[in-house]
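Just dropping this structure here.
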Amino acid sequence: MTTPVLEVRGLAYAYPDGHQALFGVNLHVHQGERVALLGPNGAGKTTLVLHLNGILTAGAGSVSVSGLPVTEPNLMEVRRRVGVVFQDPDDQLFMPSVRADVEFGPANLGLRGAALEARVVAALDQVGMLDFIDRPPHHLSFGQRRRVAVATVLAMEPEILVLDEPSSNLDPASRRELADIIRSLDVTVLMVTHDLPYAYELCPRSVVLSDGVVVADGTTREVLTDDALMSAHRLELPFGFDPRTIPTP
Amino acid sequence: MHVPDGFLDAPTSIGAAVVAASGVALALRGARRELDDRTAPLAGLVALFIFSTQMLNFPIAAGTSGHLLGGALAAVLVGPCTATLSITVVLLVQATLMADGGITALGTNITLMGLVGVWTGWLVFIALRRVLPKRPLWVVPAAAVAALVSVPTAALAFSLLFDVGGTVDVPFATVATTMVGIHTLIGIGEAVITALAVLSIVVVRPDLVHGARPSLERRTLTIREGVSA
Amino acid sequence: MGAGHGHHLHFHGHSPVHHLPAHLKLLALVGFVLTVVLTPRTAFAAYAVYLLLVLVAQRASRVPFGYFAKRMVVEVPFVLFALLMPFVATGPRVDVGPLRLSEHGLVGGFALLAKGTLGVMASLVLATTTEPRHVVAGLERLRLPGQLVQIMGFMVRYLEVVTGELSRMKVARESRGFRATSVRAWPVLATTAGALFIRSYERGERVHLAMLSRGYTGSLPVTHPATATPAQWRVAGMLPAAALATLLVVVTR
């Protein structure tokens, strides 16, 4: 079998205030997969995401990206390979203009001039935001900011795209457009979400994290139709949505 | 207390600018030690916090109100070096974007508020912290006294500068007594508000208060059985 | 504590002043104000010319005069200070109506007022015609240390986000019947300040994480240094040059 794009083994972590959030997580994601990471509030999903590109350092266990261990000397390369889109686009868009923000990542990788410009244009084009290149981020709508946030990460040409609650706070049309963008991308995707229909639509496979450990892994259809599992981990399907009656997308 | 252009003569303004530049240079190095590469985003948001609290009006009486200056508060919350940087940037923003405080008086203003205000507050604070019990809540009275002392001290520093390089001959005693007198009253308000603000932070996030940061204990991690995904 | 600070001075427009690169406007401002500060205090004619020059600069920006006038309030605390000068300064006295005032204090107070006012008026031209982010870029161009540029950049970037949070907190307080009218309101307002600190600090941490995720190692890459054409240099140079010429005429006469 090929080396997984993402390999997490026995990962445990406690925050500096002493609160332990992860209790031994195991997770593999392979090339080309789109995986949903589900779980109730406070399960440790965001904490796990922050380990994937070495923002937080494992208290126990390990993380590797395409075989490269996430450790201090490899951080730059790991951060190029793993693109994380955070929950709040305002945190992600910290530069004064859309252009400067999308440039930030590739410029840190050493790109300049025409090569940099080409990356920026390509990334903004992928998310349909090229017309906004010279605007300040805080003058964009929330949905537009979310799309630019995705572009800032795409500009680094990552091997795996990690999205933390990509559909939160989007209106139905923006949510739909973002789904189209994600589907159109040719990268491995790990998507943290509370939006179960979104997971069902976009990700063939789902992993459930609860109380800092993985409690289920299977096709999204299996996971969403396992009533005992769902209720044990505070996962609820929205009113009127029944995966049993909807064909697998 | 934003000194405008032309208040002090050129040599004094230049002298103050040199002092400010050296102080800020030292703070830049110190802050990198305190915060490493977190310096810029954190000091930026702390600057914004100080700027915003200066916009928060505290009613006094009969329709009058005042606001926080925040030098001692910033020092207690994020440490003196980061506080100096944050206040410097607040003053820079106010001078260039709000026409508040003269652009040629920037050195004077940074010296008074970013250096004298912050460091007086900090020194008083650590002196008190040494003698007070070592529990997080005791930073509250220490911060109050630090604020109470730092405001009139900055006013005294202003009076000294005005004596050296003021463009009008006014007896030092007159300027000093008036400035220090008014700013002692202001300092009382500053002390109360600083104490209340620090209190509200220390009860929920003691780990964020630089002056109260307890040594963090390492915990052993628990491992639970889960599914291998 | 003191008078409140307003924010958001930038007035959107397309005048020649708006289009000048920020670093040139900063240099012009400093040049002009330095000239004013160095002017002898009894050179009344020079101050009249300076006033005319700033007014011309304000007109050239096509920002309505009333917009500038309202922003002059930042001056108030020190106007009071200047007005005190004739009463407290030393030296020979003159009778002005029923008052015995210091002659030296009158002249000194006038000079304080004139220099300070001209400084504020000139700074307002910069502040109203330049977007905050361009001022930051201009300071970077003028070699402000990189760390300070970054700190200022973050402050400007999140200005609206944080002031927005502050006004939402105000709405939340007031919709629960709170009104700040006396000192009794202080604990509530101080708690607001405390909450604002926690939110700001945590946002700073999240921004830092987002930066690290994209390869930040401590400095921002400079990708588009600001440039200026000779024509722009000439336009920006007009204000300080005219002021300097005035000063030279005054002191050499």
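Per-chain residue numbering starts at 1, and chain names A, B and C are given in the order in which the chains are listed.
Definition applied: a contact is a pair of C-beta atoms (placed from the backbone, for glycine too) under 8 Å apart; a residue touches a chain by one contact, two chains touch by 3 or more.
Quantities reported herein were computed from a predicted structural model and do not represent experimental measurements.
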Contact graph of the chains (line, ring, star, complete, other): complete
Farthest chain relative to subunit A (centres taken as mean CA coordinates): C
Highest C-beta pair count, chain pair: B-C
Where subunit A and subunit B are represented by their mean Cα positions, the distance between them in whole Å: 39
Rounded Å distance, subunit A centre to subunit C centre (Cα mean): 42
Centre-to-centre distance between subunit C and subunit B (centres being mean Cα positions), rounded to whole Å: 20
Sequence positions of subunit A contacting 2 or more other chains: 94
Touching two or more other chains - residue numbers and ranges from subunit C: 153-154, 156-158, 203, 207, 211-212, 216-217
Subunit B, residues touching no fewer than two other chains: 41
Complex contacts: residues of subunit C adjacent to subunit A: 133, 136-137, 153-154, 156-158, 160-161, 203, 206-207, 209-217, 220-221, 223-224
Complex interface listing, subunit A residues touching subunit C: 50, 53, 55, 76, 79-80, 82-84, 86, 88, 90-92, 94-97, 100, 103-105, 107-109, 112, 116, 136-138, 152-153, 156
Touching residues (chain side subunit A, partner subunit B) in the complex: 10, 12-14, 16-18, 20, 23-28, 59-60, 94, 207, 211-217
Touching residues (chain side subunit B, partner subunit A) in the complex: 41, 207, 216-217, 219, 221-229
For the subunit B and subunit C complex, residues of the former touching the latter: 1-7, 10, 13, 24-25, 28, 31-32, 36-49, 51-61, 65-69, 77-78, 85-86, 88-90, 92-100, 102-104, 167-171, 174-175, 186, 189-190, 192-193, 195-201, 204-205, 208
